[in-house]
Each structure stands twice: as C-alpha cells, then as structure tokens.
Amino acid sequence: MLNVSDINLSYGASQALWGVSLDVAPGTVTCLMGRNGVGKTSTLRAIVGQHPVSSGEIRLDGNPVNAMKPFERARRGIAFVPQGREIFPLLTVRENLETGYACLPRAERHVPEDLFELFPVLKDMLGRRGGDLSGGQQQQLAIARALVTRPRVLLLDEPTEGIQPSIIQDIGRVIELLRDRGDMAILLVEQYFDFARDLADRFYVMDRGEIVLSGKADEMDEDDVRRHLTV
Amino acid sequence: MKGFVFRAFDRGGMIFLGILLGVILLLGLSNQLLPASSPLHAPTYMVSLVGKYLTYALLALSVDLIWGYCGILSLGHGAFFALGGYAMGMHLMRQIGDRGVYGNPDLPDFMVFLNYDGLPWYWYGFDMFWFAMAMVVLVPGALAFVFGWFAFRSRVTGVYLSIITQAMTFALMLAFFRNNMGFGGNNGLTDFKDILGFDLQSDATRVGLLFASAAALALGFLICKSVTRSKYGKVIAAVRDAEARTRFLGYRVDRYKLAVFTLSACMAGVAGALYVPQVGIINPSEFAPAVSIEIVVWVAVGGRGTLYGAVIGAILVNYAKTYFTGTLPDVWLFALGGLFIGATLFLPKGLVGAARALWERRTGRRDPGKPALGPAPAE
Amino acid sequence: MARFLALLFALCLCLPAIEARADDLTGLIEQLNTDDYAEKEAIVAKIAATGDARAAGALTAFRDGDLYSRKSDGKVFIARKAESGRDLLDPITGEFVENVGSRDARRIGVNNNLRRAIDSALGALTLLAKDPKVRRAAAASLFGSPDPEAIASLDQAIANERDEAILEAMMQARAASVLRSDLDTATKVEAVRILAEKGGRDVMSMLKRLPADAPPELRQAAVAAIGDIKDRLALWATAQNIYYGISLGSVLLMAAIGLAITFGVMGVINMAHGEMVMLGAYTTFVVQEVIRNHAPGLFDGSLALAIPLAFLVSGAVGVAIERGIIRYLYGRPLETLLATWGVSLVLQQAVRTIFGPTNQEVGNPSFMSGAVEIGAMTMTYNRIWIICFAFVVLAALMLVLRGTPLGLQMRAVTQNRRMAGAMGIRTDWVDAMTFGLGSGIAGIAGVALSQIDNVSPNLGQSYIVDSFMVVVFGGVGNLWGTLVGALTLGIANKFLEPFAGAVLAKILILVFIILFIQKRPRGLFALKGRAVES
Amino acid sequence: MAQQLTDSILYLDGVSVSFDGFKALNDLSLVMGRGEMRAIIGPNGAGKTTMMDVITGKTRPDKGEVFFEGSVDLTKHDEASIAELGIGRKFQKPTVFETQTVFDNLELALKADRSVLATLLWRRSKEADQRIDEILAITRLGDHRDRLAGSLSHGQKQWLEIGMLLAQDPKLLLVDEPAAGMTDDETAETAILLKDIAKTHSVVVVEHDMTFVRDLGVRVTVLHEGSVLAEGSLDTVSANERVVEVYLGR
Amino acid sequence: EETIKVGVLHSLSGTMAISETTLKDVMLMLIEDQNKKGGLLGKQLEAVVVDPASNWPLFAEKARELIEVEKANVVFGCWTSVSRKSVLPVFEELNSLLFYPVQYEGEESSKNVFYTGAAPNQQAIPAVEYLMNVEGVERWVLAGTDYVYPRTTNKILEAFLKARGVAPEDIMINYTPFGHADWQTIVADIKNFGSAGKKTAVVSTINGDANVPFYKELGNQGIAAQDIPVVAFSVGEEELAGIDTGPLVGHLAAWNYFMSVDTPQNDSFIGKWHAFIGNEDRVTNDPMEAHYIGFQMWVQAVQQAGTTDVDAVRQAMYGQEVPNLTGGVAVMNTNHHLSKPVLIGEIQDDGQFQTVWSTEGVVKGDAWSDFIPESSKLTANWTYPWVCGGCEKPKYGSGS
C-alpha cells in the first residue's frame, strides 16, 4: 500500500536519510526502530510531506505522492501522530479532533464514539484547551485526532511516549484491532522494544540514516536487533 | 574585565572597523586638505550626509543589540534617539546666548515670543557642555531603565512590549508637540550657532563631527561586540529563544533585559546627540512611531543579529533614500518599498546573511564553532 | 368661523395692494445688485416688509447664492447651472429668460448677516404656505432668527395652524420674537415660560441675551428658567459623553477588526493594514464618482454598493500580498514587519500616483447627514450608522471564526501550520483566505471611515498605531478583547478630553495603556494557562 | 511534623492548584528527606508535572505550603531565585535553546554566578571546559558539540536537557520523564546515571516506564487526581488494587 | 547647453504631500511658461525637483543638495514652518534664496528667504476685525492644531482681542493634535460656548488633515454659519475639495487669494493650470498664487540685475511689483514680505469661496508682530548694508 523506495533526505548540508526503502502493507503493523537521531522521524516526515526528499520515490497504492502537498496526502488517507504531540494548543480538545474533518466528506464529519471508549479522559475534557492537557493526555489526543480522519495509512511516531502503562496496553490493543480490520497499513516508530515486538508483523531497523536490518517479525533475531539499538 | 575588553577585538570586526574608519578618515581629510577644484575633493554636502548616516548606523546598532540578540523588538527606539538629540539641542540652544533674534541672553527665541518669564527649571545646566553630555546618556538611559524595570518585571514580552514602546514614543511625540512643554513645540530646536566654540557652519567643524560620529560608532560597535561575545551575550540570546527556560536556569531575565535595554537606549541617545548638530534641527517628529519602525527596517535589511548588518543596513537604506528622493522624487517610494519587499523575500537573513551564505557556498566552509545565523526566533 | 371670515376679508383687501406693488418688488430686487452689504440688508428688510409671498423665490435664491446680475445691463436674475453657462430666470415668476456664459453674469454676494435677515424674512413670508414642511421650516427659521416684526405674521399663522407640532413650533418662534420686542413684561414672562418648556442650549442662549436693564420679574423668570435648563443639560452631558465614547470606540473598533485577524489571528505584524483601510475608502470614492456621473439618483445607495466592493478590492489585494510575500515568511513573524512596511509604502505611492495626493471627496448619503437630537444630546447620523455597522461586522466575523469550518481551520493553521497540513487542511488556501478576510474587513472599515475622515493617501497611516494599540490592549487573538478594548479606550478618551484637552487626553490614554499592560502583560482578555506558553 | 520539616529537602503540605475550577492538585502532601531519590508515578493528568511547576515557581499554589531545605518558603520565590537556591529541572517536553550550539547550551547551564555583571565578565576556565566535556561524554553528544540544538532529534534533545541539568549541579533535581523516547538500553543507563547522581543529590523522578522505576529501586509515590494515592516500594504500590486499576492496568 | 536651475523643495510623499505636491506642479508650470517666453537671460530654466518627504531634517539635507550639488540658483519650497526653520541655516550658510509661499506665524526674518505668503497681520487680524465689525461677534473660540503657527497666531489674536476690550472669559482656546479626527466633543463644546448669549465665532487655525473631519462634524452637528461662523486661516480651495460643502456655506476663510475672484489675470492663470495639469476639476489656492508672484518677481529681479547672483538678485527684489491675480499689485518690501490685499470669503456649496470683504488697498506684511512685546521692538530691513532686525550693528558682512 505504501512503498518508499530509495529516498534521500537532507537538512541543509547534512544528509539524514540515505536510500531508505520501506513497504507497508494493509492489515499489517510495520515497526521502524533505531537509536536516537538515526532518522526515524525524518522518514515519517518524508512520507507525510513535511520535508522534501532529495531523491527517491514514495508511492501510495502505486501512485507517486512525491509532488503532493501534505494536505493532499492526508486527504488520500495518510494520518500522522507526530513525535512531540503537536497539539493545537489554543483549540479545545473537541476542536483538535475536528481539524481532522478536512479529510472527510461532509456526511462523515463526526467523531467516532469508540474513540472515547479508548481514551475516556478525552471525553471529560472536550471543552479544555489542548495545550492545557498533561503530556500523556496530549499524546492520547494526538492519536485520537489521527484516527478521526479514518486513515488508510497510519504513521505513529513513538506513540507510547509519556503514556501511563494501562493506556499503553489499550493502545496496543487498538493497533491490533485496526490491523485486524485489514484495510489499514500501520507504520509504527517505537523505541519500547517489547511493545514493538508484540505488535509488529514486519520490522525495519535504522542506523545512521540507513535501513540496516529488516524482516518478518516472527523471523526476527532479537539479539541482532538489540545490537543495533545499543550504543 | 580584561577578557571583556579583548573580546571586542575579533578579526572580522577589526577588518570591518578598519575599512569603515579608513574611508571616513579619507573623506574628512579630502574635504579639509584638497582644494575644492580637485576631483578628489569631498564636498561638504557629502561630509554631513555621511556624518548623519553614521549616527543612524549607531542607532541601528543599538536596536540590533536588543532585537537581534535579545529579541526585544522596540518600536519606540526613536524616542531615546530623540531624547539624546533634545539634550544636545538644548545645549546648542543655550550656546546661542544673545545672538537670537530677540537678543535675549537667557531665553531661546521661542520662549521669548511665547512669553516665558524665565527659563524652565529643566533647562538649567544645559549651558554646560559636560552636563548636557551627561544628560545625553542619562536621560534616555533613565527612561529606558524605568520603562524596562516595570515592563520586564511584569514580564511584558513580544508584541505587547513592542506596542507599549510604540505607545511610549507616541506619547512623547504628542507631549513634545505641545508648546507648553517648553521644547519649542513642532518647530523644535533650530538655528544652532556653535558647539564648544566651533562654528557649526564651518567645514572643519563638520569634519570634526563626522570623526566624532565615526569614533562613537566604532566604540559602540566594540561595546556591542564585547557584550554579545561574552557569556552575557549567550544569556540574552537564550532569553530571546526561550525566556522561561532561561529563568529555570537561575538567570534573572528581567535584569539581563534591563541592562541591555538601558545600554541600548544610552547608545541611541549618543547617536541622537551627534545627529542633531549635523542636521541642525531636532523636532518631535523624531518621536513618530514611523521613525522607530524605520530603524527596525534598516536592521532587518542589513541582517538582524549581526552587528555589521545593522551598520550596513542603516547606511544602505539611508543612502537609497537620499539617492531616490533626488533622482526619482515622484515614485521613489516604489523603489524603497520594493527594496524592502525584495530584501525580505530574497535576503531572508539580510544583506550580511546573504553575503555570508554566498561566502560559505563559495568556500564550502563554515567558521568552526560558529553557527550560521540561527533561524529567526519566534516571538 | 368668524375669525376665518375676517381673515379672508383681510386677504381680499390686500390682494390689489400687492398687485399694485409688484413693480416695487421688481425694483427692490433690482437694487440688490450692489456691493454694499449693509445696503443689501436694508433692501431685504424692505422686501420682507412688502409681505409679498412671491418674493420668497428670489430670496431663497439669494440666500443660496443663486441670484446673479447680468453683466451687460445689471439686471437681476435667478441663475441655474446649465449644460453650458447659466440659465437666467425671472426672479419673480421663475420663467426662463436666457442662457448666458458663465462669466457673463455675476453672483450677487451674500454673507451671514444677510442670510440671517433673509431667513427671518422668508420665515415670515412662508408661514402660511400650503406645504406643512415649509411652514414648519418657516417656524424653525423664525425661531433661529427671531424678529419682532414677524410677530404679526406669526399670530396670523398661529390662528390658522391645525398641526399641533407646527403650532408648538410657531408658539416658540413667537415667544423668541416676543423677547426681542418691546412688548410688555407680562407677555415676555409668558414667553419665557414657553421657551423654558422647550429647553435646550439655544433657549438658554436666548434667555441669557436678555438686556441687563430688563424688568426684575422678567429677569427672575429668565434666571429660574436658565437654572432649570442647566440642570437638565448637566444630566444629558454625561449621557452625551458616553455616547461620544462609544462612537469613538466604534471607529477604533472598525479600524482594528481587520487587524485583529491579520495580526491577532495570523500573527502577521501587518504594517499595511492601514493601506487596506485606505483602499476601502478609495473604493468608496470611486463608487461615488461613478454614481455621481452616471446615476446621481442612486447616490444614497452608494455605500451599499461600496461595502461589498471594498471588501473584494481590499480582500483581493490582501490575497495577492499573502500569496506573493507573506507566505514565504511564516515562521519568521518579525520579517513580516519589514515586508508589509514595504507593501504599505508601495500602496500609498500607488494611490498617490493614480488618484493624486489631495483629499478626495466622499459624501455622506442623505441618511447619514445631519443629526438627531434626543433631549439635549446630539447624535450625528453618520456616527450612529458607524456604531451599528461596527457591531454588525464584529458579530459576523465572530460567526465566521467560531461557527464555520473555515474559522476552525484558520485557527488551526496559525497555531501549527505544519500539523494542520498533516491533518488534511489546505494550509495555503486557508492562509490566503484568512489574510484576505482580514484585509477585506479592513476595506469595509475604509468605507465607514470615509464617512468621517479624509480620503487621502495618508488615511491608513493615521489609524495604524491606534489599531495596534486596540488589538494589543484587548489581547491579541481575542475579538472580545478587541471590542472591549476599543470601547474602553474610546470612552476613557472622551471622559478625559473635556478637562484635559484633546492632546493631553491622548497622552494620558497612551500612558494608561502602558501601565495597564504592566498589570496584564497579555492584554485585557489574556489567555492563561499552559496552552499559551506552548 | 516540625522535625519532618527541618530534615526535609522538600516539604509539601496541603497544596492545591486549580485551573478554572479543575483541581490539578488536591491537598497534596509530600515530604522528601535530604539526599533521597523519589520516583513519582501516576496516571496521565494526575498532577505530576503540575507539582513540579509548583516547586519551581512556575505555578503558584492556591493554598498549601512548599518548603525547601526545611526553611525556604518556595511560594515566595520566583523561578530564577528558586533555581539559584539549587533546584534544577528537566522538562517533560524537551526545551533547549534552539539557536545556540549544544556546547553553549551546556555552558549556559553550568553552575556559576548568575548576576549580570559576573556573567558579562565571565571567562571560561579549564575546569569549566572539562566539566562540559564530561557531560558531553555522558550524554553522548560529543559529536554534536557544535551543532545547533534546534537541529537535534527528539531523543538527542532529551539528552541535552539531562546534560544541562547535570551542568547546573543543583541540590534537588526534578526529572520529568527522562526515559521518554529512549531505547531500552539508554533507559537502563539513565537509571544508572540517576542513581549515581542521587548519591550526592536529592532527586525526584517522574516516569511511566516501570522497568526504569524498578531499576531505580527507590521509594515510589503514586499520585492520582492531584493527591497521593499510595506510597512505598514499587512492589508494594504495584500490589495496590487502586494503583493497578487507575494506572498499571491488567 | 547651460541652464538656470530652479530648485523645487516640496514634499511629494508623507503627510505634507497632500498640500505640497500641487505647489511643485505649479512651479513646473511657471517654469515651463517662462521657458516658452524664451527663458531668462537667454538661457532656459531647469526645474530641479527633489522630495524631502515631509521629513524635516531631510528638508535641510535636500536644500543643501539643491544648492551645493545641483547648483540651483534659487529654491522655491517648504510649507510647514518647521521645514522652513530646518532649511534656514542652510540657506544662510550657503547664501542662497528661498521663496516660501505659505501663510505663517511671522516672528522670523532672514535675508535669504522671501516670504510670499501672509504674515499674521495680513490674515488673522483683518479676519477678526471683519467678524467684529460686520457680524458683531463678541465671543471667540480660538481653535488650532497644537503647533507654533496656531499658538503664535492665537497669541497675537488674544492680545489683539483683549486690546479691543474682549473679556478673558469670552475667549476659549483649544488645541488638538495633528490629524485629530474625532471632533465630537470639541464641536459640542463650541456649541456650548456659543450658547452663552453673545454672538460667537470660531477662529480656526486647524491645520491640514484635521480639517475634513472637523468640518464634517460641524456640518453634521448642524452648526450653521449664521449661528456660529468659523473663520479659518489654513483652509483653502484644496482642503475643501475633500468635503461636501453644502452644510458649510457661510463659514469663512481669510486669504490673499481666492480662486473665485473674477479677474482676467486669474482667469488666465486658472486656464493655464487646468491645461498644465490636464484636469478641469483641479482648484487653485493662495500658496499657488504666492509662488506665482514670487516667481514672477524673481524673474523680474534677475532680468533687472542681469545675473542670478544671489546678492544682486536680492537687491533687485526690493520694490518689485507683480500684479496680483485678484487685482491690484503686490510689492516686495525690504522686510522680505509682500504687500498684498486681504480677502475674506465665505464657503459656497461648490467648494469655492465668495469674497465678502476685502481691504481697500494692500496690506504690508509684518515680520515682527506688534502684539508681541519683544517682537514689536524689532524691525526687519534687509537693504544694503544688511542689518539684522532691529539691532544696531551690521550682523553680516557686506556680502559677495
């Protein structure tokens, strides 16, 4: 569904991604791992279009999206839970969720009820400004906001960061649920190894801007991976 | 202390100052020593013009110090410049003595025809040069100190601060326009005769003032260099980028801001004091908000956050203004406005930033340890 | 009935006499062709004394500066502007006589003294007119220029008048004239009573004008009446001040609303805001020019046409600025100051080049001219309309921002442009629309301001500082703040002005803003909490 | 109580904070001894960060007492003087000086006289350079020394913040989610680092990573809805039904 | 080919452009006209236009540029007093000539400036006398913009009124800032002040931009000229062009020139102006006439002196006569001010003034007012050898 082939990406003079290729299939969770600063976030930025790639191609359903603006990609179904949450601070929780309506036809503009089952705290805080929420609450909001757009490709950048253990479990369950529906492709960037291992169908490991290891999760050699995550 | 002094002298700065002072020296000498017929003779017109540019450059420097390095966007810095100018103007007025049209030895002409009985108390002392010079620094400094003390303690930041500085200068403008204030109202202070006994209309005095302006600019430049290259400079830059965070490191942000704001106001005052004898008039329109905005514009054109940038920006924009108002009197605003728009679009880091980027691209190197101009900090 | 018959009889008796004096009238009018104003005044008095209603036309023309003398023979005519030159009409019959070149006839000068004399003469002459409006105007003008000579005509008119309101006006005019006459004291005291009932400043002025040697009881009555009127006026003065404050506030609000969008919502330090206002004002001017030249009858509708056009013009320019310049500067908010400053210079010069540097005339439609008096409070129509208009615009804007997807998207985009894009929001479109909306509203403000201020290339400059003050004082990004801020500053200014004077009041307001911001560093309606800091 | 107060490095009693009627802290009391390291856990929104805000002077409590070292009333000080008293903080969301280099960030944080004049005349000493190099090594930012902090990745910024906290060398460290965004190894190392620091300093750590908290092996306080729900060793509190219900999950 | 350069120093941008641009155009017209007549001393005249941009120090800089760099032989320019004050030292230092065309507060006399606009005694005093004598005004509002011209004029008027027995409580003085736009309170105050039972008038020295909103408010609040006439010294045809004058008919202004005056010279001037500017709707005004007179006088003086040398031209200027556009002859006096007629006009609904009174002959402009004690002692006389106003010793050398 989402194919990234051989992309390079630079911040000014310094190159952050070197020929990264990834495939994310619907109904699977693909996990991208790597130490700090190896280029995981940069890869996601390239996919959503927040930073231009200097070469390589990104395809969605076989169509190149390189030339598309971020909003077009979003409207085609790419949703993004960024690192650092990026909540709209002065919008209320409800309004934060409603920003996702831009991707939806008029008839579908509502917040799915099951979101609140997943993140009950949001329901209590619909009227509170996003910026006032606690870190973990914001993280939950960021995930919920992405789900409002009914995405076909979901990019999650360290979604468990700052979230309490019980909700991490819930999130894990949701990701499984979404995967099992079969039509959504999920790309998960995660440092929390156990969490990633439990969910992943496929994994990629990055180091210094390159994919250094990849494979099916059940074939994954845990030590091999851990070696790349250690300094 | 030694470190503080030596820090001022880095290579780039020395080259810049060397060129600047050299040019000024040549200009002054060619005006004085070469006969008017010589093709290399610098006309007096040019001497006073360049003198004026230099005072603007000093003013721009003072704005860059707080805006470029500390993130304080003052839209009222013209006020400090004007106050310095008024202090000098008052001295020059007192120097006129009984040579005014009414021949009154004590009162300036405007006071005579507005029926003042005697000199208002706040004019006392301005007949003494040292006192006036002290006021040139102290009055703007004191205003900046009081204003900043309140504003920075109350944590007024960003546009709120910018707008109240604008309110300040606007209020001062209206106040100085009032004839009752005793500063000559709209007509301001004019008709100066001499300074320290030198005839203001003689070419030699003009060259002297040019040199004085250059010296003041050089000194201002060195002080700014020294300040910005010190750890203090890093702290104010930190304040610019993340004020709250700086506080959590234990820095008393209000004092840091206050110090740099006051210093900057004093510099602006000196610039104003040197400006007045060279242009021959000080009037409340120097307090106009638009004037202060223009100063910011010079800095932005030159390149905020680099000291050369401020100097070059001030000189360049004002030269452009001189040039365009003479050659394109009917449409020069198109040219100047276009220049500003173009500068923002094509030289996002100002002239100096563009030059530096070009240099880095050509030589493919970057001064180690010296970051490129940072991304403009958000307000 | 008896009175009516008597009147009829009197009129019949008069008729031949008037006829006989027609030549007199012509002669008198002829004599007006002199440069000596005192002499002209005497002649007007004589014309009035004829009591001949046919003189009204000539006198009206005289007052309005339409009485001309033909240079060739010095004969006097009423002149009307014609296609070329002037049409001369007979001063009595109003019949067309001939057309002459504009330099072939000379206007017969009229000054204020003469106008006063004419008004009172006309008043007396038109008291019996058929049209109630004319009668009312006659009474009003007699009240304004009271004349003892007119008492007789007034009595006659009062006897005839059926309309209560006009009758009252006539009684008042009569009372005013009585005070000037040498009638007996009792009549005058009665007149004072009638006038006191009317109240108001003009009456007070009339009563104060009583000569010092007036009889004591008359003086007493006058003093009592004056005291009474004064008390009433003092009460009204406070109301009046509040109204002035709201009115000034509404102007500030109008000027600032657009900025509350471009600066308040988008964070663009928009130095070209004033020029957007100016463009709106010039749009109004162009609309009015076109209407004046092609459909003068529609003049009263000119603003209805100008408002949407100004919105479009300024909005389109705003969109162009955003697409051409501002969009490259997001993330560098301070640089927008430089660029928009440049834009403002260019726009000013462009307008100067196209329309010239001088003021352009923008007229008030008739429903915006004049004033309504409520008690002793004067409210000019143009300002009343501006107050209403400002509130309507503000309400509409709030609706857009709070109630439409565009409003939500605007706020999302300005708070985090990158993330908004990732949420599927067309950021560049929203940016352009937001800036266009802010600019368009500034344009509308220009329409309103053109009704009270200069329309010149400098128009924008005179509002930019105030606009920023209002927005910042109210709290950036908060429309309620802008509203309350504008009204507060307006009312405060108007309460300071009477004793501090306009200049000092303005200074005090600025000082107040500076001090206020110390107390509330993020404006009147500051947002609080973590959200603001992040 | 008085004894408790004088022995404490940090003493909170009956602290409440509310935002527009919402009680973020509700009669919170907490005492920490000198030299103690304490882990604070609790559900999202429990008030952990708010508590740190109160201690560092960012938020004023509506009521309650906050004392540092038994005698200093923190509610009477502002952020800067609290920092000068010796309380340092790492923020939950990394905040560094983006337009300055990593080195300058550390230099700014380095313990030194914070007065204007002293800063103006300050010259870098050998010891200072050494200390910064040490910290760069600890945080593995040696290679990034001259890069602008703004260009670091999220995790690198986390490390820089920790480094700045070390450079500050405060008496009491407040560390809000230090392990967020780190790999498991790094998390483990961070725990070792903190334990090391705790030998000479008092430390408050907030974390949601139970492995990390376990590694620390210190007393744990569980906050819930603005007040203390449970306190004790990790094993004790993990056994608490309520803690499992509201926080850990099954 | 050598030309004689004429400097034109009027703001073409900024706040004053609104007034001054027209004067630049008039100068271009006059110079073009003169060139058609064969130029001057056999040479063509060349206008050198610069834009001092309503910025006072820039005026000084541009003046120096005109004289020193462009070698202009004479400069026509300035509007505000402060701009004149700013350039004055430059003209004196470089011994050049400035023709200043705007009514002003007086209290100045420079050998390098010819003041072709009205001094207070040529405008303010006659206007007030008219209101006293003809309209019987007893109570006075002196309303002005807060700067030197209104302040000085009002001071002179106050002294004058008091000398005529007007009680202090019958004088109300009010100052407003430049560009004042909200006149509600002040107009209401005027109304109040006027309701005291004595005939009241307003003497307005309100300047420039503030006038339009002032008159609009006046009209809307219904203050008719019959009740409280307003006489203005800074409101001419140009200012009225921005206002619907319907409600203002009868309010007054005092000038030395009105466009409406019906003389052959004025007809031809207006005709030329319309042809030059290409717009039949453009008006003429008093400062334009002042430039016209000043320019003609300078031309005559140069012809008479046979040179453009400043000292020679200055000598030749004295006694130059140029027919006014409104009839009569303007004469340049040795105090560098003109003798001109004073006209009082009432505003008409077509935006023009209609003269309702004029002086019998011409009034000689007074540099130093008789109503200011210190000033009344001074005299201005710049005949050779030049002496300063009223002092005993020569102040300047014998020149050239």
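Going in written order, the chains are labelled A, B, C, D and E, and every chain counts its residues from 1.
The working rule: contacts are C-beta pairs under 8 Å (C-beta built on N, C-alpha and C of every residue); 3 or more make two chains touch, one makes a residue touch a chain.
The chain lineup, named per UniProt: A = Urea ABC transporter ATP-binding subunit UrtE; B = Urea ABC transporter permease subunit UrtC; C = Urea ABC transporter permease subunit UrtB; D = Urea ABC transporter ATP-binding protein UrtD.
Note that the structure is a prediction, hence the values are computed from the model and not measured.
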Where chain C and chain E overlap in contact partners, by chain label: B
Most central chain, Cα average position: B
Of all other chains, the one whose Cα centre sits farthest from chain A: E
Inter-chain pair with the most contacting C-beta pairs: C-E
Length of the line joining the C-alpha centres of chain A and chain B, rounded to whole Å: 52
Geometric centre distance via CA averages, chain E-chain D, whole Å: 74
Intercentroid distance (Cα basis), chain E paired with chain B, Å: 36
Distance from chain C to chain B - Cα centre to Cα centre, in angstrom: 45
Touching two or more other chains - residues of chain C: 348-349, 461, 503, 506, 529, 533-534
Where chain D touches two or more other chains, by residue: 19, 93
Of all residues in chain A, the ones touching two or more other chains: 132
Of chain D, residues touching chain A in the complex: 19, 22, 42-46, 48-50, 92-93, 140, 151-156, 158-159, 177, 180-186, 208-210, 246-250
Residue numbers on chain C that touch chain A, as the complex places them: 405, 408-409, 411-412, 415-416, 418-428, 477, 527, 529-534
Partner chain B, residues of chain D touching it in the complex: 56, 58, 78-81, 83-84, 88-89, 91, 95-101, 103-104, 107-109, 114-116, 119-124, 146, 148, 150, 164, 168
Chain B to chain D touching residues, read off their complex: 1, 3-4, 227, 230-232, 234-235, 237-238, 240-242, 244-253, 255-256, 259, 368-369, 371, 374-375, 377
Residues of chain A defined as touching chain C within the complex: 48-50, 69-71, 74-75, 79-80, 82, 86, 88-91, 95, 98-103, 129-132, 145, 149
